[in-house]
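I'd like to ask some things about the structure below.
Every chain is named by a letter (A, B, C, D and E) in the order it is written, and numbering of its residues begins at 1.
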């Protein structure tokens, strides 16, 4: 039987954040759907949007702000599924410097991820009425945070961006007690944006065969996700086996899997239009320099999930 | 005072072409040769009105102060430089044709052996380039090595030989393809006097044995007198011939000949010619 | 052997300096840990300590610095920590580890041996491409005046472009035209290594002086003969000198090329170490890379000695 | 020989005409565009060959510009003719437009990365290497002990050192300067040491016959003799310094700088901005290199390599 | 045949020290001088049992085949090399003391001018190092430039001068600080015969005018004979003195003197001495 080839480009390195796809691959869920899937790990400065534009992938895992920004820049990406129901991004601060509420952020130095991940932060600051051009009254100093949590540990920044499932635990692993830290979940600040969705090129969706292929892909992936939620330890081990850098540790990946499961828990793969609207509103409200200037049209479709889930 | 003296010599020079030995056509013949280099600082008149005929089997030395055009003349003969006026023939051909016909061997001032080739390899180099068959290459290499007294050193590398031996190897290389003409530009300039004496003796013997026509540039008056059948004295700016001296010395020349009356007289005349050229300058 | 003495002395001096620097560099973290463990630190809070000079802080709390040489996330790891990490991620992992070569039959992806192997392959491929390209360009430049005039300035400009910063994009673009795996890394590696080869080789091919070239003319040699019998042999010492620089550049290129791809290699290892805050792992990978570079340079030097000897140079 | 070639009178207009024609065809059929690009390149070759055969003054400048022009035309035409997505490779015209529209931003990045990070690191690194070289030259022990270890240090790849230095020296330009110091230190050291040793035994003996002290031997013989090497080192280090400063920004930076701009713009798929930043880097690098090369020709006018 | 001849000369040599002119203490005096270089290939015996006394105002030439130790001896005198045996005094001091007292000027084989300094700057170099005041530096520079006939070239760079002019500048540099002893190691080796002749004449005149003591290494027999009051002939491996010839030529020496009987006889004796050394080898 002829297998359909699908290439998936991840947003980041191989880790439990992408456990569902690796599980689906390892457990043969893709194969059962007649798919021959290749998973390409991402990495720093690899833009999945660019990869798909160049034809290097059929479908990508991307965060919605980056996908919508790309759409405005002339790359028509469409969300076909949203395995992550909730956002895991937060700002983690030292409590002992006197930060308790968002207002206390004024005049601080903050570490932020750029590379398309800065939009929710900028939008949040704009709703708070805080500028981002240097540590002074009514403004914060923004650092382009690198790949790790050192800026916080070294106290080069008062707060840094973390994911609930990853960097936060690295801070804890470094010996910091949860009591010393204050977390601001973007979810709770009302500036949540959708993370880790599946995106394809708009023109590809005109082909019913491709839609069918994607439906099977999403179905198998969601099976993978649910399997991973139920078997976090096995899932983490599968991820570890696929990690070619050999840098991940079992303990950390199992914990990450457990945390990720909380974010995927509410999702069957279908995009929640309400969450989509919050994301769009957040991005449109990005202050003087919004990420997107107009309400996007056709940036998501339920055609694939409809086919997949029925 | 010096001027009429030169004029007289020049007159003699110009009369030469018909005087080449045995009346046969000269091997190298230059008429009214001119060469001007174009440089950034303006033209350099390197050769002016040079007339010279060299007959078969002659040993001709060129002597003159630095920059007088000795090298330039030799290079013209070799087809490495192109005269801007006058005519020059080698074996009746143009110098370029002669070069392509491999009519001559050229020995540069420094030995210029390739350090990555053995002595044998260095001597084989022109033979390879000229496409001699392998067996003949070996045979010729053996023969010229013997000729310059370097048999047994074929497998050695240049740095394993003394300066004098290197220079002999370089001469062997020029001899290997057996051109009738040998052009040598200060081949012994870098050697000390004693080694030089020995090589001079050997060169004379070689010339005697092979009957080649030799053009030889030198700065040393005794060397020029000792070696040549004909000494061409040149003066600079623009380079021209001020004197051509036919040597009365016999073909057989022991080194002692340098203490002879005749030798000292020719040397004196050469020195006078050189000084005249300087004063004239 | 005579050189070993001074090297050892300097090395020991550096090690001593290093050990002395460790508590100063790590003072903040060490004191914070001591504070969490209940010790009395002066000043008492991390916020107060934040902007203080490290040396002063270290002197005032000299008694609390015992842990500085064994922190898990040090700013500056102690040499023995790095040594332990290198040991653990080479011999120990391969011999005793579940994925090591002893138990699994292939090198463990957690060992530096495995990653050095990946990097070495990309480096070798990149170096080969870069060297060949550099030599070809040099041959073109030496033989064509048009190329000489127009290409050389651009070769210089090419080196002012921060290719290292563009590596991710280049890999993506290459990916989109179907080039993947070893080749993208090798191309970046080649980009960094061709330049020294061009410069050195042009110099080498032009090394024969006018006299040697004239000599060839007196034999009426063709330009191919001049190239093979004169220019090429004369350029060998220059070629090797520049290849030593190029091979080190190749290694840097390969490591840079590995960063975004994250499919193994010392570069991926360094980044992963940085990403997870495993300082010792970065340092170990760093030292492995430096050792690899030294090895490669030594290898080129060895090739050089052999070639020159085969060409008859003084042994 | 040169008479057989078309003169510049023929080749130059042909080149210009073909370039224009190629640009005009850019949105037409790909095959036609490709053919015109090849013809343009050939005409450019002919023009440069004709100019250089004549030895026309300024050929040294015209030739590389002609090649640059050929590359730009080919780039523009091929990107358009083959409809390469802008998010993969934008055409030069788009890059130029972005460049022009973002001058203030790019200027700020230039100041941050090149002037603050690159130049400071360059000065400190080269200066430290110079002083070390004097020490190494004075004490043979250090030469034999330090130089082998130095070559080990030179092999430390920037991608490993940059995160560490950002951790040590913070996110500002200081850490970038530190990365640059580390990058330029060894090449400069090696060159200076080689230069200081590049005196003949005769020149050194001459100083001894004068009973000269170490200091005056250094000032009057070794330093002047080392100048060509020192300047060569300085020249090599220019490009290293810029690359180091830019790359280090990938590992943490404030919200400006060329490295920051490049990495952020890739994330936003603003490829025009990426390339505009690269243009700034290349221009700055070439200018920096050019300035040092110019100083080199001025200061070492006496060296044989500068005399021809 | 050659051996007794040398023995005889050596005997004469050893008798010398007491024979120095005017009975005054010799300026340079070597007794049983030995020097062995230790090299990787084993020891090189460069000088063996050298005995020599040079009196004030003498012009002493050293001649001998390449590698016989001429340079080494001169370097010992200059304190640049340290003998491994015997005693050597310069002005009654050890060579090192003499060096520090700036007792001599040294001219190396090649001109060895610093390319980054003008001719004037090169000549000022030793003066700067020795701490002469600025005004005196200028004055001395002017004077020696005139002495070597280079007035007007002060602002030129070395490469803008011909080889002969460079060599004269190098001599001027050695003269500038007016040491009583001048040591010259083949100063004219690289020059052509005509320029060399002129420089030889000028050197003689200078020596005559200043009354300096000169030690002069050369490869050229005519040069040695023409210039010296005393010719030291050396032979190689291990380097030793085989003959010391006191010249009967007058102090006034036109170039023509080289065609004279006396000159030719001395030259002959030198050549014989050299050959004997070679045969002996």
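Basically, a residue touches a chain if its C-beta (ideal position, glycine included) is under 8 Å from a C-beta of that chain, and two chains touch if they have at least 3 such contacts.
This structure is a prediction, so every number in the text was calculated from the model and none was measured.
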*Moving only to chains each one touches, count the minimum steps from chain B until you reach chain D.*
2
_Centroid comparison with chain E (C-alpha atoms), farthest chain_ = A
_Chain closest to the middle, measuring from C-alpha centroids that were averaged per chain_ = D
*Go through A-C and B-C and name the pair with more C-beta contacts between its chains.*
A-C
_By mean C-alpha position, what chain is farthest away from chain B?_
A
*At what distance in angstrom does the C-alpha mean of chain D lie from that of chain A?*
38
*In angstrom, rounded to a whole number, how far apart do the mean CA points of chain D and chain E lie?*
52
*chain A and chain B, separation of their C-alpha mean positions in angstrom*: 85
_Rounded Å distance, chain B centre to chain E centre (Cα mean)_ = 33
*Mind pulling the residue numbers of chain E that touch at least two other chains?*
none
*Do you know which chain D residues sit against two or more other chains?*
88, 163, 167, 250-251, 263, 266
*asked:* Where in chain C do residues touch at least two different other chains?
replied: 75, 168-169, 172-173, 176, 259, 271, 274
*Pairwise, which chains touch?*
A-C, A-D, B-C, B-E, C-D, D-E
*Residues of chain B that touch chain E when the two form their complex*: 65-66, 163, 192-195, 219-222, 259, 264, 267-268, 274-275, 278
*Would you tell me which residues of chain D are touching chain A in their complex?*
85-88, 163, 166-167, 170-171, 249-255, 260, 263-264, 266-270
*Spell out the residues on chain D that touch chain C in their complex, using ranges where they run on.*
45, 48-49, 52, 59-60, 63-64, 66-68, 88-89, 141-142, 144-146, 148-149, 151-161, 163-164, 167-168, 239, 242-243, 246-247, 250-251, 258-259, 262-263, 266, 274, 278, 281-282, 284-286, 288-289
*chain A - residues contacting chain C, complex*: 13-14, 41-47, 50-51, 53-56, 94, 96-97, 146-150, 153-155, 170, 174-175, 177, 243-249, 252
_Interface residues, chain A side, partner chain D - complex_ = 44-45, 47, 49-50, 53-54, 66, 69-70, 73-75, 114-118, 132, 141-148, 150-151, 154, 156
